Amino acid sequence: MIPPLIVLAVLIGGWELICQAGWVDPLLLPAPSAVATSLWEDRAILGPDLAVTTQEVVFGLLAALVLGIVLAVAMHLVPMLDRALRPLVVGSQAVPIPVLAPLIVFALGFGLAPKIVVVALICFFPVVVNVADGLRDVDPDARRVLNALGTSRWQRLRFLEAPSALPAGFTGLRIAAAVAVIGAVLAETAGSTAGLGHLIITANAQLASARVFAATALLVFEAVALYVLFSALERRVVSWSPRTVS
Amino acid sequence: MIPPLIVLAVLIGGWELICQAGWVDPLLLPAPSAVATSLWEDRAILGPDLAVTTQEVVFGLLAALVLGIVLAVAMHLVPMLDRALRPLVVGSQAVPIPVLAPLIVFALGFGLAPKIVVVALICFFPVVVNVADGLRDVDPDARRVLNALGTSRWQRLRFLEAPSALPAGFTGLRIAAAVAVIGAVLAETAGSTAGLGHLIITANAQLASARVFAATALLVFEAVALYVLFSALERRVVSWSPRTVS
Amino acid sequence: GEKAEPTGSELPRQEPFTVMLDYFPNADHAGLYAALDAGLYQRAGLDVKLQAPPDPSAPLKLLAAGKADLAISYTPELLLARDSGQEDIVSVGALVQKPLTSLIALPSGGVKTAKDLAGKNVATSGIPYQSAYLKTILANADVDPTSVKEINVGFNLTQAMLSKKADASLGSFWNYEGVDLQRRDEDPTILRMEDIGVPTYNELIFVARRQDLDEAGAARLRRFLSATAAGHRLLKQNPKAGVDALLKADKGLDAGLQEAAIKATLPVFFPVPPDPEDRAAPTTITPPANVKDLPWGWQEPIVWANYERWMRSENLLTRPPSEASPLTNEFLPGEGLAESSRDR
Amino acid sequence: MSGVRKAYGDVVALDGVDLRVAAGELVAVVGPSGCGKSTLLSLVCGLEPADAGTVEAPAAALMPQRDGLLPWLSALDNAALALRVAGASKAAAREAAHAHFVRFGLEGFEKARPATLSGGMRQRVAFLRTLLAGRPLLCLDEPFGALDALTRTQAQTWLAEALAREPRTVLLVTHDVEEAVLLADRVVLLSQRPGRVVSVLDVPLARPRARTEQAVVELRERALAALGVAE
Amino acid sequence: MSGVRKAYGDVVALDGVDLRVAAGELVAVVGPSGCGKSTLLSLVCGLEPADAGTVEAPAAALMPQRDGLLPWLSALDNAALALRVAGASKAAAREAAHAHFVRFGLEGFEKARPATLSGGMRQRVAFLRTLLAGRPLLCLDEPFGALDALTRTQAQTWLAEALAREPRTVLLVTHDVEEAVLLADRVVLLSQRPGRVVSVLDVPLARPRARTEQAVVELRERALAALGVAE
């Protein structure tokens, strides 16, 4: 717990100094003290927006998880599907939100659904890639044992490949958790009336930089919290792996 | 090669049908034929912008690769550093570009540098996480052999941990390659005079949807090409792993 | 935002009516929110939904795709859309009569007039017609265009000036960013487009699809515009009402800034008599010549024609002019009932 | 299996191997390291196709040379894996496997992950897993290679008993000629790579056999001689 | 090493083990599976701390029970690994390792990845790697467990020769009592877990020793008896 706090303290201290010294216009970079003040004073605004964003993140992440795993498994089971879909999956990551947003709005309107879609679109990719890679990183001897037993494809997946993929899957999940937050922000910039991303845009347009940074601080905190949560889950679930043992 | 082409053909065919049937307004979703026409007719505009974006992507990706590996190795070698920096690394992924952009512009102006920074910021994360995880997924027996030989920390890294981390590292690299393109677009939306992201903004403002989609098609193509490139590299480099053998 | 309203039995049947805003709710929309908050739409039998768009170019796309009954957009944007084949969409009223887009500079930039732009960096947001504004402004001020560096900074116009990477910016609104900077004592120089050589135009307009304007659609639109006009009259009497209504929609808005912006914008929410001395003003005005009779939302066809000609001269429009007019005033309050189409 | 040939690139692992194993027979395969014994089992288990010749075999359970235990399962669950795969419930499979844990000196290690087991313990778990699979054919690749004399004798005895109770066909790869002679009905001797059948020794002795029995010692020496091990 | 105790949770692997090995001596450690032999080597190599007692040992090279080959290196590079680690150039290390490849029946497999090697070949590569480390102390954990009689005899001979040329201290864990008697100066017999030293047999025989020598057979039987293997 201590090292990150020290780093944080040093970082914030230096930042405050830079701002106090007047090297940067406070409209560009507000002092941490101003951000802290905004965190407190604007809590009535920040709180509900944080709740909205968190909701988008949680649902989006869940959707990404399910979608990512299902897709990775399907691609793993049917190599043809892998070859057919992987370019699409990769390509999906290169479509800019401004291009996509009107289409998503057209299809889904303005509620929670389009936000979940955007978050899921951004998060499912590291999950798919890591899980698909993990499913193939199987101990050849264990594979031989199960193959010799005449196991069904499904059994090999269940008893061998799925557990083998867990560590890599968690790597992907942690990446997804960290980027889910920014996904929600992107989704909100594409038309929304609430959420921290929305707040940042309106605050930015009003040059309320302390509030912008206060919202950003919450986003950062949320990303770190999610990452830590999934790390903890990983330590429990993947207890056999050298990465958690050593 | 065949399955992705079939899927692509079906997809584009369906899309064309939907557009021809007039279900969607061409402003919202231009027909593939219109996009193809734009690809051809606007090639004098698209070409140079593609070159600019590619340059940003390549340099940003290289920077992310170096930064990501150095950081992951440093965090691996000094656990204290890991604990201190990981929250920052994770948190860095939650800072929205609109918040960051003014600061980057303030520090770096409008040239190539800020784009490289943004691309690198987005791409280094999957590299760090995957490499750091990979460095720990080491065969315990091999570790014992090297430990017993009284190897230095550096030697263990070089002979044992670094090669062990290669497969996971390539997973991260492929993810990074796929998202690098969108990183460049994001960077360009925060201020630029060229590049496909810039083109998309201007074309969008002119409601030139076909051109927007033509630029998007190039982005998608570039992401897929980079991914395929790194996959091929991986097959050569990580030739011992079950993921590439089987 | 429900106030104490007439009881349900007195209300007409509510028809859903979706309006796609041009941007997140802000002072420009104060009249609409005031009308909404005062129950004017409800009384007009409209269940109005004011919807922020995914991005400023999306409202026309979503309107064309039938996802809204009405969209708020920009004159150049509409003309571009029509140029790309969307001849079915038409401007049915002006929300803001004048350009809001302006050339803004901070004292550090050393730009007081358009002439001072020589040798400077100008930040724009990369929208082609705004780049064309800059060209026109420079030509108008006899400044060598090659001496001016245009840098596209996306959404960071003000920040680019604050970080001293740009000496001036073209693209922010005088009634919003301009007012904000003034309130912060940044002492901005604000030059409005129509004052420095760009033909005047209606910055924000209401756009509809002609195909939606059958008898029932037209009736709905008339009721909407009439209620919106009333909302703006409310706003004129009491700008605070607009602030309260806006803040109900978005608590993140700064009440002081919104009020100042609304007050600054009030004059351009309503049609004003053209100043004969104004170079940018149309030389003639279509009847009714009596300015008092100009209804709220009035669009001056000559202004539009001038602006369209300018766009064409800048190669922003490529297709030959269309048969169908890009605007109609026939759905404005008090208009169009007697004469079917005044603008033809 | 007849006329079987298998090559990996330039390396010919097996060349022209004919082998017929009767049901219920225990055939030991002995041969120099790298001569293709493990490859032979792979072919029999249908894990790889032969390059030439035909292989026919019933459903088999394989115990590979490097145990192939699943690191995320406990010792008990690893032993019970084949039962789970065959459709048994988790509880039933565990119970069935646990019945043998005391006998195999694995008591108290039911919940231990493979990584925390000793080399010999891992081997015993893998052996148990293979036997419990209940397949008509067992392919055992050096099943007792890491066991000390005592534990090995116990395991051998146990295998003999299990086979007596419930006859199975066994293909036993071992580098230990003595073990082959003690357990097998026939001993197949393979040549240096590419592996060919050099000779087949019948072991017509009654069971249980003792290490020191004259006939056992004699056969062992004959086999060793055939393999070229100098006296 | 004196009074050493090592426990993993509830499992006591070693308890009160005293062992003194003179420089240049070859001591074989024999004991039932799971009695803590591998653990003993870990402690000697300094891989884990003892819970009680003291361990003193010179720089060692370890050959673990499961070879621990690096899958990304060729057989040659795996064998040469210790040399590389000691600072040799890639070319020099390869050359040094290659000199032994023919002798070990690994010729032609220089470039093969461990995954394509047979079990016995892997073991030989690991053995080579350990010897080439040039450490004063060798800790060999079942170095020949996967080798057939012929290859094993060759490897044993080779080890004996290498030691004669360049004396080293060797701690040899084996489950094969015969091997222990053939190679060692002393044989340390460990009890069932928790491992304790049951007895130490001196092997005062001249080398080379033959498997069939009377003294060898006798010592072997004594050791087996001490371990409780019924005749």
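Letters are used for the chains, namely A, B, C, D and E, taken in the order the chains are written, and counting of residues starts over at 1 for each.
Following the convention adopted for this analysis, contacts are C-beta pairs under 8 Å (C-beta built on N, C-alpha and C of every residue); 3 or more make two chains touch, one makes a residue touch a chain.
From a predicted model like this one, the values you see are computed outputs, not experimental measurements.
Peer 1: From subunit A, how many touching-chain steps at minimum until you land on subunit D?
Peer 2: 1
Peer 1: Looking at A-C and B-C, which one has the bigger number of contacting C-beta pairs?
Peer 2: Greater number of contacting C-beta pairs: B-C.
Peer 1: Approximately how many whole Å separate the CA-defined centres of subunit A and subunit C?
Peer 2: Computed from C-alpha means, the inter-chain centre distance equals 38 Å.
Peer 1: Where the centres are mean C-alpha positions, what is the separation of subunit B from subunit C, in Å?
Peer 2: Distance between chain centres: 39 Å.
Peer 1: Which whole number of Å gives the spacing of the CA centres of subunit A and subunit B?
Peer 2: Subunit A and subunit B have C-alpha centres separated by 15 Å.
Peer 1: Roughly how far is subunit C from subunit E, going centre to centre by Cα mean, in whole Å?
Peer 2: Distance between chain centres: 86 Å.
Peer 1: So which stretches of subunit B touch two or more other chains?
Peer 2: Residues 24, 28, 98, 102, 106, 139-140, 143, 189, 201, 204, 241.
Peer 1: Hunt down the residues of subunit C that sit against at least two other chains at once, touch-wise.
Peer 2: 55, 61-62, 65, 155, 159, 162-163
Peer 1: Any chance you could list the residues of subunit E touching two or more other chains?
Peer 2: Counting only residues that touch two or more other chains, subunit E contributes 65-66, 115.
Peer 1: If you go through all the chains, which pairs of them touch?
Peer 2: Those chain pairs satisfying the definition are A-B, A-C, A-D, B-C, B-E, D-E.
Peer 1: List the residues on subunit A that touch subunit B in their complex, please.
Peer 2: 3-4, 6-8, 11, 24, 28-29, 80-81, 83-88, 90-91, 93-96, 98-99, 102-103, 106, 125-126, 129-130, 133, 136-140, 143, 167-168, 171, 174-175, 178-179, 181-182, 185-186, 189, 197, 200-201, 204, 212-213, 216, 219-224, 227, 241-243, 246
Peer 1: Contact residues on subunit C for subunit B in the complex?
Peer 2: Its residues touching subunit B are 55-57, 60-62, 64-66, 77, 80-81, 84-86, 123, 125-129, 150-156, 159-160, 162-163, 165, 316.
Peer 1: Please give the residue numbers of subunit B that touch subunit E in the complex, ascending.
Peer 2: So the residues of subunit B touching subunit E come out as 139, 141-151, 155, 159-160, 163, 166, 238-241, 245.
Peer 1: Within their complex, state which residues of subunit B touch subunit C.
Peer 2: 24-28, 98, 101-102, 105-106, 109-110, 189-193, 198, 201-202, 204-209
Peer 1: Could you please specify the touching residues of subunit E with respect to subunit D in the complex?
Peer 2: 8, 10-11, 30-34, 37-38, 65-66, 105, 108-109, 116-121, 123-124, 141-142, 145-153, 175-177, 212, 224, 227-231
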